[in-house]
């Protein structure tokens, strides 16, 4: 097995400096560092760090938005980063998940059932997943760029449907989307600033409960996707991305795996939508525009498609920067657009790329064949 | 000298493919380049035709330094290549592929004349004039690639493994054609795995190993060189 | 500075109290928001000049009209215990998100522009609406169409927005069978080929437009270009000079625009002139309503209602004449129906001028 | 048809078990008839050569067998099962593997990972299984991993993890992964590039890439390996070692279908040869029979001495 | 659902749809050309179009014709349109070229994968439309009514106006011209060669960079021409006109077979007509849904679009 170890060393050699230094730390250290980082994340709302606080908007709300966007990015990363499918209409799944919770859970929806949150959310995930399969079934046989336009269309169809159908109440929307629980904070939690025992855990005016819930889901989902990535499944996705036909000839049921990627992505999208609108308690067709969907793709790629940490960073920037720099409100998209161009030119591999991609990009760049 | 390479170095990312290659091709010659897989033969060809930038060294063509010249301008100067892997335009018909070979030329009458010549050399191409290049079989594409390279009426014709994928009978033919073209006045630089054939037709030849020239001589000399025989001609 | 935690008892001095503006200052709907902000700002500035020793601050929250941004902004508002009331939120969609948050913490809400009737039934105890809702404007417009224009065939268009659809539904309900056909246009639609085919096909002699001017002006231009002759009636979302400019004065001539707002020139006092002096622009739609809303709160603060609770009680029982109308709120926060006047304005010579109050 | 013709071949062949039966296959592309009623049988354990002039239909024949192209008429059976109409990955799982005429590796994956993709064809871990790892397999105590022993784990943690494994077994995912890596290294060794296991496929030399393609195909545990001009671009010395490799593969029990223009290679390694011309089979037989067949000489070999 | 309406107004819906479709098709050409050669969804093409619409108004305003001004006589109108076409074509072409230079060329030099190009394209698109948005205060800008639609003839009960005829036929003429250029001329063959195999094209003496510049300019110019026709038809423009129209045009390109010029024409016209029928039957708000649904259905049966891909590389 010594040759096997050498094979792994070959991989390690290709890693970038920081990353290899990290992975050469003793395991106990790494666990410790990750633990400390998690504690930091959970306590961010109470820490009151001056510079990163958002000026206009409630900081915990922004953190919650970041967490939801990270969840979105993790799901989108499965589709784009791992399976290499370009999904420009991801927001459709987000909407499906959100509306499912609203319609099934709100007393004000046209549908009479009134399920509690904990029942609604699994249904929402399932419905989103189903919509992923329904969309993927006919379209995943198409080649890459065709998929892009078809998914874009899907996103728009969902939005138009939300806007014009009776079950969604159009733009009048549905209020009273259920919150995860009506319970109050237990009294032993009150050591934490912001938490008071007379207050609900999931309160619209103090959203720390939502943030913690979202953060926990993010961690679980990242771990789950990591497991997939490092298994036969992830390898098949990679092979499909590299050369679909060759993968198929090597016995990879490409369609099935692409469909799985789509379904998993859709499920995560649905979950994020459900989560976000549980906190907002009101949903209408606003906020599901294609543009947001496209921004998500940009965030994933800029963060570093294929690397979960990278896409998380991309998502956080997308959620956080506009809130932090509200004074540029009118120009923020302009700045964003320019930033995208600059980023792709100076850091095409993304902020925190996956090892594989950064190597690939480096090699490709060196091979650029043009003679001036 | 029509072509002169001086101390050429070339990198693929981290990999150095050529370690200072120097060679010359005289006007009217057939020069063969032989060597094992990965020796750098195709890389040398790419450097000459300008598909790859060289790291160091110079390329002189017809006395002019073309080291930094764009690939398409080298074609205008008279360098034409049939690339490794054939590079047929898959969506164009056989005829259009051939016309592409004459892209830099304007004289319609001459072009038509050359088209006829290619069709006589490869009757299969005439038969399939309208078929899309991409649907031709491997060997048929090879014929197309060679024919297309001829269409630019080059001063220097670079052929990268023209016999690859051809049936035994055609291999014979293609070498005959190379000699014929050469006699009509085109200088040929030939890369071949089929060293036996290549050396017996070439005026001069170079042997490449891992990016370096390890031997040179006339075709006949190398054909009878025991080391070359051992490594590249196989046991007959 | 906001370390005192949440709670209704303000601490310290009562001279740094604040009210807030909440609405779009950027994005596609910014103009309405700016009108409102400037109206409120005028009120606060006037108050501060008179009470230089005990000023009230105006906080501006730019939501871009986006419900998704509203909740974080509202949460940050309620965390500031010095903040007693909100002029806004400007749009109905964001109101649905923000009102429960504001109301839960007792922040007084007086919206000068969100006209969706459902806002009053959400159970938000601090909600007040300083003008008539769509349920009053819709019938006003419909009655005008019926009795003044005497139209026989009406074509109703809406933009599927909360506001536009609500208004169009009201009109359809009142007009009944006179409505021959209807269509829904898309947000930011600029090319109306199919709709125009439909309108012309219906041979309508009047078009009611439930929506905003951004879509209305290209529609009307293309409709007139295509030879359409029907009268054009729209709600307050279209009542803006930009509508006339976009459609072209000739095309817009004669268009009727209803609004549950009193013409600024009929508004009491010196408001119109003051506004112009302060901003350099004519008072726009909802500027006067915002001015009134802010003034009600300022009056309350002046009267010593320096906590959210007290201010809420004050506003609930407030009675008084503003520049737009006489204010008195009902139990659910709606303004007293008697104070609601829906006016019809008309485009004449490229200007929007008040014509008459719509028949009841 | 095919049956009767087989009887006319040598007794010895008739006894053998047919692996691949190509029966009356025709395929047309517009006006071009690329294959015209071709039939032949490949028996278990043999190396069958497929030769013919350029454009004779050899690659097309390959494509129909591996599901890339669909014949206009005709049937193909593999181990008695119909092939036509099956998806490509299903055909691979039936036991047919192939290499490509122009190399198609997964360039950004390491050599070992390329082979692992092939090996996955035989694995059972599902998406749900990989996510939750619920499917557990009991392992014998001596098989318990040392995986956890690496990295700064305390002794207690090691002990715990070992105890856990003893009671709950190991997930199938982990077992399969471990087995596949071992097998992958073995195959890389077989084709002689085990030293390059950790290198990205795109950085391998051409000859190494060809070998890797073969290893990857073998990882799918095929009964039949189809090679399309594997020696193209090889010099005689390299061809020699390829020849040895092909023999070695056959000795592991894999049958081989070989397309190749190099007569020395074909004559040296095949048991039988099928010759195509213009989409039709014009000859079939042992290498020496084919070499002396006048039709084959006329259509393909030209001078009969070439392979002497 | 209102099939009655579709039946009654079938011809007139068709005529309106064809007019709209002709504009889609012109814009789609830009997507198709760039995609065919670079395998890149040029997201910023919608903004190239948008710039054209603004340049048109600026030119007309500069010549003294603003919103509400009366149009000059027929000759004057034609003159104004031709001038606008030249100006908008040039401006859009130049914009496309700038986008190529700034957002794509540096990536090409590094041989970046297509996803990166897409992001850069999105960036360019956002930056352009937001820049114009900031400059125009996000207010729409109106045009003079240059062509007052006059019914030229009635066809099966549908009135066909001079405006519709003009738009349709001028678009058609431009597309035919482009098609001839690409398929019949030497330079056109060069375009196709670069599309199919850029390296080998260089070996044939094709200057790749020049070809790429050429296709951006051509696509841009077509978008500029489309912008003029659009302005005449719609009578107003804003900074965000490009987004949806661009998506539609791209849909049209895919529908016909991206990388295929005739496909763009067919796809554009079909899309225009079908979405107009859809609007007639299901209501205007479902128009885009109908358009995308049709796309999915077509791709199900013809995975590479109606006419397939012709410029581009075939799949190996």
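As written, the chain order gives the labels A, B, C, D and E, with residue 1 at the start of each chain.
Simple rule for what comes next: a contact is a pair of C-beta atoms (placed from the backbone, for glycine too) under 8 Å apart; a residue touches a chain by one contact, two chains touch by 3 or more.
Note that the structure is a prediction, hence the values are computed from the model and not measured.
Path length between chain C and chain D in the touching-chain graph (shortest route): 2. Counted as hops between touching chains, the shortest connection from chain A to chain D is 1. The greatest centre-to-centre gap from chain C, using C-alpha centroids, is found for B. Averaged Cα coordinates give chain B a centre that lies 43 Å from the centre of chain E.
With centres set at the average Cα position, the gap from chain A to chain B is 52 Å. Centre-to-centre spacing of chain B and chain D amounts to 33 Å, using the average Cα coordinate of each chain. Among the residues of chain B, those in touch with two or more other chains are 13, 50-51, 70-71, 135.
Along chain C, residues 160, 184, 186 each make contact with two or more other chains.
Of all residues in chain E, those touching 2 or more other chains are 199, 208, 283, 285, 288, 316, listed in ascending order. For chain E in complex with chain C, the touching residues are 5, 8-9, 12-13, 16-17, 19-20, 67-68, 138-140, 142, 145, 148-149, 233-238, 240-241, 244, 275-276, 279-280, 283-285, 287-288. Residues of chain B that touch chain D in their complex: 13, 15, 34-38, 85, 124, 131, 135-140, 142-143, 161, 164-170, 172, 193, 195, 230-235. Across the interface of their complex, chain E is touched by residues 80, 86, 138-139, 141-143, 145-146, 148-150, 152-154, 156-157, 160-161, 163-164, 245, 290-291, 294, 297-298, 301-302, 305, 330-331, 333-334, 336-341, 343-345, 348, 360-361, 364-365, 367-370 of chain A. Taken together, the chain A residues at the contact with chain D in this complex read 1, 3-4, 6-11, 13-14, 26-29, 224, 227-228, 231-233, 235-236, 238-239, 242-243, 245-254, 257, 260, 264, 356, 359-360, 363. Across the complex, chain D meets chain A through its residues 66, 68, 87-89, 92-93, 97-98, 100, 104-113, 116-118, 120-123, 125, 127, 130-131, 133, 151-154, 173, 176-177, 181-182, 185, 189, 194-195, 197-200, 202, 216-217, 220.
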